[in-house]
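Here the chain labels run A, B and C in written order, and each chain numbers its own residues starting at 1.
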Amino acid sequence: MLVQFANWVQGELACSPALAKIVGILLAAVPLATVFALCFAFTTWLERKGLARIQNRIGPNRVGPFGLFQPIADGIKMITKEDIVPRSSDHFFHLIAPLLVLVSSMACLAFIPFGLGMTMSPIDTAVVFFFAILGMNTLAVFLAGWASRNKYSLLGGMRAVAQMVSYEIPLVLSAVTVVMMVGSLDTREIVGAQVVEGWATSENSGLRFLGQIAGWHVFTPWGFAGFIIFFIAALAETNRSPFDLPEAESEIIAGYVTEYSGFKFALFFLGEYIGAFAVLGLAITLFLGGWNGPNFQPWWSSDPHALLIPGFVWFFFKMFVLMAVLIWIRGTLPRLRVDQLMSFAWKFLLPLALVNVFVAGFLFHVAKEDRVWASVAAFVFLYLVAKGLSRMNQSDAPAPRKYHFAE
Amino acid sequence: MTMESSVVAGSEPTVEPRGFELIEREGLETNLLEVSMGPHHPSTHGVFRMDVKLDGETVTELRPVFGYLHRNHEKLAEDMGYLGSMPFTDRLDYFCSMTNNWAYALAGEKMIDLEVPERAEYVRVIMAELTRLVNHIMLVGFFVNDLGALGTPLLYALREREKILDLFEWASGARMMCNYMRFGGLRNDLPEGWLTKCREVVDAFPYFLDEYEKLLVENEIILVRTQNVGVLKPELAINAGITGPMLRASGVNYDLRKVDAYGVYDRFPFRVPMGEVGDCYDRFMVRILEMRESIKILRQAMDELPEGPIMGEAPRVFKPPAGEIYGRIEGPKGELGFYLVSDGTAKPYRYRVRPPSLVNLTVLEDLCLGHKVADAVVILGSVDIVLGEVDR
Amino acid sequence: MDLLGSGIFKGMAVTLKNFAMTYFDRGRKERLPTVQYPEAGDTVTLFTRNFPFLIYDGEEEVDGMRCVACQICERECPPACIYIVKEKDENGKFVKRPKVFDIDVSVCMGCQICVEVCPFDAIVMDSEFEYSKEDRFGDLLFNRDELLKSNDYYHKIHPEEAQARDANLAAKKAADEAKKKAREEKAAAAAAAKAAAEKEASEKKDSPEASEPVAEEPKAEPAAPSENHAKAESEAKEKPAAEETPVEEPAAATDETEDAKEESSGGSEGKETSEEPEETAGSGEDDEKKAEEGEGVS
């Protein structure tokens, strides 16, 4: 509907191409920003409620029904709070850093297809652009750490750079497998490749149902391993627990956001969550079938491509499920140490991702009738590789001990 | 008795970092990063400060600074009757007011050779072991919190502690500042139905511990974060006067409940868990295992609790004869001792607390050198300090 | 060790279980202990103590007050948060009632020592805890009228304890009355026998030294109830060092209690009422009191 409206406006403004372009961009960007700001608000509520229940608390329940308006109250508080800038900080960079985080995260969203025809910037090198812009986050975070002129901020910023640069490699490598298999960098084509075409358009509703799921890359051996690697690396990339070292509260207070308060802090917060949405959105696009999901043909339509549930509903549903997993992980796990974080990235994730690329290449060339056997073999092989890698890392991965008692 | 002050508080900052050598770098001029962690820091367990010098993230020098919570406890006590200090002992280690009371009462009873009735002794054992549960469960919660878990284990611990605090409140009127024991016995008897409720809580505790162990003990992140971190050698532990679970985690069998067998502890057959390596993981595990032993003691004490008076033949005037006495018990954190000197009047001439937290804290620098700054926080957490007791 | 992460999944199962259990009634009971405080109502348990208050019997607040301003609690209070001034009648004589009885609850730590040392069961612990006030200093200094609460209230918050105390008081009163009667008889007998007894009594009226005259006075040592035991002990402890009493002389130690008890029974003999003012008059007004006490009641 929104897409149709946009197309109609474009048509009306056809007389002045420049204006049409600007209006077109606004029409795409404004809903995106609004929707994701709302998603952010909802996620903060979800996170607080979810964590509270995990920790056997009740969570916010005073503002609105079930505390649903809590994010609004938080927002008002954040905006009205005093903005404290340390006197000896670098004021310009101190200001620019949160904006940069927000801008780069938001820009990443432009390449995610939320539904059929709902990609803000439909370019055919979307995946490359995505990672390029995501890399800006690192810079912004380090800028914040440096400009604050605080030792904790500096430590946090340095940790952030080391961590983000390291985890970008497995992140990209696991995306590479998908790009290899699909043969395109365009996110729309990657989503399209995850539908079993013959099934999805068939008359049999059961087969249609299956056809929307069965093609997801996560059900292939390389996709499964790739998804896990991507997910772990995404945790680190978005500074989520258990890789939240740059803002490790118990060690360096709040890391690079130590000296931020009020609205700037809110911007950081917003930027981080939107970054998480973007990375999760890419994970959904690459491995979880994008906006495809079990769907039905509406009873009023005879078009076999018509869908009862719009694609973006599926997309946001998947996104919040993944977000819930993030929250669940955050509620359970303690944090890694810097060196362990690094060795995990370089000694475990990176080799596994490399092996995965080769496995994908191998499967690409296997004849179609041998696919099933090859897939099983690949699964077993990847499992063995993972096990071998964890065995090789055993020297610094100790086991529980037995204790003796003195009488 | 004065060893701890000479090691930490009074000493000059060590010029040369011990046990760890700086890496010489060619070309670039590098400098150490001095960070003053605390007194306002989320994980210093109160108002404690660590002046650390970091080479990157590695600790090359660490100086504990404390005294921010000094409340003049010892001097105040010298200007007060003996009983008047009892409520103040609650505030030493505010997690374990019952054991603090007991240690002080024990010192007072020793001074005038006071016999404590059997029922009072058993109730004291019950209270002390409940306190041990509270302290250890909270320690483990805070320890994992320092490791970076977002409060989940801590809140589970708080949930269980709540049940025990309810018991304390029921018996003594206050949740934390119990002020329950007196020279010669207890202030009041256990209320009706208390024992039944206590039994319920104690019986439910092992299930909670099972769940807790499932959550923590095999978690790979906790394993890599704690094993071989902050290793305390038994020789150093003995030389520094470390006591309590921290000493036992280093493999030294020393439990005052066995050594002194104060109270009626000689009637309880319990085992003392021992660590071997002396790292953070051992300290953490020894406490979890101690909780299971405490539950055994509690069950036995509740079964054997005799009827009878709860207050001994305490004299109306608590005026001990001139002399000195040292009463000590195995507190949850270590040897908690009260050293009293009497000049024959109703006020102590000298009143001294031997706080286990403070003495255990003296080895902090030795444990932290060469580790990452994140480990320093974890090691501090595993030492188990309460600043109310460190600073007094 | 199994594949990296198996322990993590175990932990995640535990948190998932905890998450899910809070949505079921059974699980909520044991896993969601949060009490929604203002809505959920009373959370106070039977023995909760918070801050002390003064009891009065009957209907009249001031007249029924049990406190006789003996100032023992003031001396024993570890953080020294009690301040007492005795009331005088128009003749300048002290009556057994505090004119000022302040407790600074911002200092009070609720240790219950004052309750334990009070020989008259006049001060007990409250379980009221909603004390938020706007003025940090003035409003948190509770004066006598704010502290006075009826015995019925006490029975409401701590029923068993209140009953025990009432029984204790009744027993004490009976004992005192019996003693008074005995003493009156004895005094009459003594007056008939010798004039010297009168002389002694008048002497006491003029210069009542704290312990000596009373020590000579023949008294019927009542069998102290066991509950009173601790109180007497702690009260005796505050006896200053400079006093020339033998170290462990229970008789001397109980003198003060004895006197106080006699007063509480409402003994109208002039010698006893006149004894109290001297004691306090000698020991200064407020802050110096403690120091003075340390040197000795002289």
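Here are some notes:
To be clear about the criterion, a residue touches a chain if its C-beta (ideal position, glycine included) is under 8 Å from a C-beta of that chain, and two chains touch if they have at least 3 such contacts.
All values derive from a computational prediction rather than experimental measurement.
Of all chains displayed, B has the C-alpha centre closest to the centre of the whole protein C-alpha set.
Judged by contacting C-beta pairs, the busier of the interfaces A-B and A-C is A-B.
Each chain gets one centre point, the mean of its Cα atoms, and the points for chain B and chain C are 33 Å apart.
With centres set at the average Cα position, the gap from chain A to chain B is 44 Å.
If you average the CA atoms of chain A and of chain C, the two centres end up 66 Å from each other. Annotation for chain A: residues touching 2 or more other chains are 54-57, 331-333, 397, 399.
Chain contacts: chain B has residues 152, 156, 159, 215, 218-221, 223 touching two or more partner chains. With touch defined as above, residues shared between interfaces to two or more other chains in chain C number as follows: 4, 8, 11, 14-15, 18, 31, 33.
Within the complex formed with chain A, the residues of chain B that make contact are 33-35, 41-43, 54, 57, 144-152, 155-156, 159, 215, 217-225, 227-228, 253, 255, 271-277, 281-282, 285-286, 289, 372-375, 377. Those residues of chain A that touch chain B in the complex are listed here as 51, 54-57, 151-152, 154-155, 159, 241-242, 244-245, 248-253, 330-340, 396-401, 403-407. Chain C contributes residues 4-8, 10-11, 13-15, 18, 30-31, 33, 45-49, 76, 78, 109-113, 116, 125, 226, 229-230, 232-234, 236-241, 247-250, 253-254 to its touches with chain B in the complex. Residues of chain B touching chain C in their complex: 80-88, 90-91, 152, 156, 159, 162-163, 166, 169-174, 177, 179, 182, 187, 191, 204, 211, 214-216, 218-221, 223, 309, 311, 314-319, 321, 344-347. Here chain A touches chain C in the complex through residues 50, 53-58, 328-329, 331-333, 348, 383, 386-387, 389-390, 393-394, 397, 399, going by the rule given at the top.
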